[in-house]
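Consider the two complexes below, in which subunit A is the common component and subunit B and subunit C are the respective partners.
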Partner chain A sequence: MAEIEKVDYWRWTESNWRNPEIADVTGCLLTAGVDIGSTSTQAVVLADGVPFVYSNMRTGNNSPDSAINAMNWALKDTGLKTEDIEYTIGTGYGRVNVPFSNKNVTEITCHARGANYIYGPTIRTILDMGGQDCKAIHCDEKGAVTSFMMNDKCAAGTGRGMEVIANLLAVRVEDIGELSFKVDEEPDPVSSTCVIFAKSEATKLMREGWTKEKVLAAYCHAMALRVVRLLERNGMEPDFAITGGIAKNMGVVKRIERIMNVKALEPTMDTQIAGAVGAALIAKDLVEKKRAKA
Partner chain B sequence: MSYEKLFDATVCTESAKAWRASGKKAVGTVCCHVPYEIIYAAGVLPVRLRATGCVDSSDAESWMSSFSCSYARSILQYLMNGTYELDGLIQTDGCMMPTRIFDNWEHVSKKQGKDQFCYQIGAPRITKDITIKYYKNELQGLADALSKLSGTAVTDAGLKAAVEKYNEIRELVAQLNELRKAEKPVVSGAEALAIMIKFGDYTPDEYIALLKEFLADAKNRKPIEGRARLMVIGSALDNPDYLKVIEEKGGLIVAEDNCFGERNFGEKIVVDDNDVLGSIASYYLGRNTCPRSLDNRPAIHKEIIEKAKAYGVQGIIYAKMQNCECWGGEAYYLEPALKEVGIPMLQVEREEQMANAGQLAIRAEAFVEMLDK
Partner chain C sequence: MIANYGYEDGSGHYYIKIDTSKCAECKDKGCVEKCPEKLFVVELDDFDDEVVVIREDCRNTLRTNCALCKANGEKELCRQACKFDAVGFSW
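Up next, the complex of A and B:
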């Protein structure tokens, strides 16, 4: 019997990057941030505060290994080793499990700082849509958090919820956004209180003859509504930007923009690395403070 | 040091057992509107019920919906599973949830073949002369029923002696909380809450002795440092471990505002010799213990802000029990008031069972980072 090809539709593309404008980091202050999220792990190395290398990969079942793997992949072909980095900050839910970190800081603080770097000092409201939670963060011109709010207890409205739907509908997670716009009319949202309810509702809609695109539109709509409530509760002040994996899903981003009547700033780099960038910047601040004191 | 047992938050019923073994009665109470003095004046031991450490309320869930308050449900669980073996239950219509404890316990205790003194007091939600008069009548009814239960008449002299006893406790608890105003207090928020919830585990005399012993030794304790001075407010909170999670993340809880903390004690009662019961009624109904009342929101907010200032609080954690009708929507009104005076607020939702310690920890840690710039 022919073997049925098994496709993991939820698998998003891992990546690594090296800054083509930095050839040599000799004499530079190297600081790093490692963001171990529930779903993805990023390692970012800054050279004198400028992104030098980064990696973005799926979190395995072992946080210390994820941190090591992400850092090794980021440093690949640079001739650098983890020990060459002066200060490393761990962040994300696995922040205490980064074996080579000097300190850990919450992802809320790091995302605000990272967004300030990626989007500029005018950023005031950040929506971080991560693997298993989402956060509305308000920050000042320096990227310091002034208030925040997190979703409660459910993966609905998060990356993991999107992965579940990708697998259910056999659609690559990266294609969901685009497909969700291929509908004549925006459908009502599915349940947004629980990812399991949303899944069973999507199954029911498929049985009723809805197209995949229409179900995806209903799901993206629900996800947008859910996070909009969080944004409204914490207060929306422009400029506004979205970080995290879901920021790459235009099906959700555009719907949030439409519902809130606000335009999210365009990212200048991978939105998933905001937390790790923020961590690396905080690391740089700490080293400089320490040096100034010495 | 025997006061160390004040830090063990586990529900301990040894004192109530001993009290009952001597032929006297002991009853559980729920809500800050049940005056301990009346119960004590009848020779009955009031036991403020709490559900600390309850990890499974499935028996109670057969009677109370899972959409009810988990604190109330857990109290019912402790009554049902015999954690509390008492002679009855006294409560007010403080909110709808205690009334469900009452209804269900009245029914379930009969099914269990237990002879229980179950008494409910109507506590008006507006404080004015006519409602104080009504409440006083309710308290008179309670006093009469308790006299019948114990065989000890509730007299003015008995009430005054009880007021004196509980005023002494109030004074000692005030001294405990005064320690928390220091830049580096010698008592953490979790420890202070543990001490205050133990009030329900002992007779007044035992509790007074333990408090005195603790206060006498307080100067020998190590000062505690935190990254941010916090105040925790909101629904009934009888679990010091909850505060411990916050303090382990760098917060130092120097004040709280909930019905198991300072609000359970309050200022001393001043008795008018011509109307002793009336004095107790005015005191208990006039206190701004919780937003159940219709006319005390500005007063509660003012008290919270004044307290925050007095204790040098940098941020407030608003911990709301899921399905709490009293504190459910209060944040919408309180947050702008706090913003006006520059005190940031973090909202968290909780349940009696500590199922979300991780979620609390990340929020608390980020809040501390935000305050500790």
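Up next, the complex of A and C:
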């Protein structure tokens, strides 16, 4: 009997990056941020405040190991070791589990600071769509948080919800956005309050003859409606940007833009590393403050 | 900073709002003692100011935690205790 290949459609692609414009970091102030989220872990190293290397990988079942693995992957082939980094800040839900961190800072603060760096000082509203929660954050021109609101009670509006639908429909999670636009007209959203109900509803719709694309459109629509409510409650002020893994899913991003009648800023780097970038920038500020005092 | 702790589910949205800049000015943090459910705890925020936050294990059950105070029909005990008007409710 032929063996059936098992495909994990929810698995998104891990990545690492090195800044091609920085050849040597000798004499540079090296600071790092490690963001341990429920689903993904990122490590970012800055050289004098400029991104030098980063990695983005799935969080395993052991947060300290995830932090070590992410940092080792980021530093691969650089000749650097974790000990060479002057100051490291841990953030994310697993922030207390970064074994080599000097301090931990909440992901809300780090995301605002990171988004301010990635999108520029005009950014005021950030929607961070994480693996298992969703946050609406307001910040000032320096990237300091002025208000925030999060929802982690239910998986609707999170990356996990998207992964469940990817597996159910046998569509790679990274293809969902594009496929969701291949419909003649926008369908009504599926149940937007619960992933479990949305999953049963999607199954029912498939049975009724809906195409995968139409179900994906209905799901992306529901997810957009869900997070828009959070944005509206916390207050929406342009400029606006989305961070986190779902920011890569145009099916959700474009629908949020349409519902809110606002254009999200285009990211200049991986949207998943915003928290870790923010942490590394805060680490740099702390080192400089300490040096100025000495 | 306005910190909103809580959740939204099918029955509504349940957030406790804390104005941390006002809260940091308060020395006695009366809300911590007054709350019968002990929802408030004092923590150092990211800027090393002492502020109250909602206990992490209660953030997704506020509707039931606050039910008694809400049923009274009067101003909630935490809000009565807060001299700086730093605490608010979304429901």
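Methods note: the second predicted complex is superposed on the first by the 293 of 294 C-alpha atoms of A that agree within 3 Å, B and C clash if a C-alpha of one lies under 4 Å from a C-alpha of the other, contacts with A are read in each partner's own complex, and residues count from 1 in each chain.
By our rule, contacts are C-beta pairs under 8 Å (C-beta built on N, C-alpha and C of every residue); 3 or more make two chains touch, one makes a residue touch a chain.
On a predicted model such as this, the values are computed, not experimentally measured, just so you know.
Engineer: Using the superposition on subunit A, decide if subunit B and subunit C clash or fit.
Structural biologist: Clash.
Engineer: Applying the touch criterion given at the start, work out whether A:Glu208 contacts subunit B, subunit C, both or neither, answering first, second, both or neither.
Structural biologist: Neither partner.
Engineer: Looking at the overlay, does A:Asp188 come into contact with subunit B only (first), subunit C only (second), both, or neither?
Structural biologist: A:Asp188 contacts neither subunit B nor subunit C.
Engineer: In the overlaid three-chain picture, which partner chain does A:Tyr93 touch, first (subunit B) or second (subunit C), both, or neither?
Structural biologist: In the superposition, A:Tyr93 touches subunit B alone.
Engineer: One more residue to check, A:Arg229. First (subunit B), second (subunit C), both or neither?
Structural biologist: The second partner, subunit C, only.
Engineer: Between subunit B and subunit C, whom does A:Thr109 touch in the aligned arrangement: first, second, both, or neither?
Structural biologist: Once the two structures are laid over each other on A, A:Thr109 reaches both partners.
Engineer: Going by the contact rule stated at the top, is it subunit B or subunit C that touches a larger number of residues on subunit A?
Structural biologist: C
Engineer: Can A:Glu83 be said to touch subunit B (first), subunit C (second), both, or neither?
Structural biologist: neither
Engineer: Kindly classify A:Met149 by the partners it touches after superposition: subunit B alone (first), subunit C alone (second), both, or neither?
Structural biologist: The answer is both, since A:Met149 touches subunit B and subunit C.
Engineer: Just one of 153-161, 243-251, 279-287 or 333-341 in subunit B runs into subunit C once the structures are overlaid; which is it?
Structural biologist: That would be 243-251, the only stretch with clashing C-alpha atoms.
Engineer: Does any part of subunit A touch subunit B in one structure and subunit C in the other, and if so which residues?
Structural biologist: 105-106, 109, 144-150, 152-153
Engineer: Write out the stretch or stretches of subunit C touching subunit A in their complex.
Structural biologist: Touching subunit A: residues 1-4, 7-10, 13, 15, 46, 59-60, 90 of subunit C.
Engineer: Note which residues of subunit B are touching subunit A in the complex, please.
Structural biologist: Those in contact with subunit A are residues 344, 346-347, 349, 356, 359, 362-363, 365-366, 369-370, 373.
Engineer: Could you please specify the touching residues of subunit A with respect to subunit B in the complex?
Structural biologist: Its residues touching subunit B are 93, 105-109, 144-150, 152-153.
Engineer: For subunit A, which residues count as touching subunit C in their complex?
Structural biologist: Touch list, subunit A to subunit C: 105-106, 109, 138, 144-154, 193-194, 229-230, 233-234.
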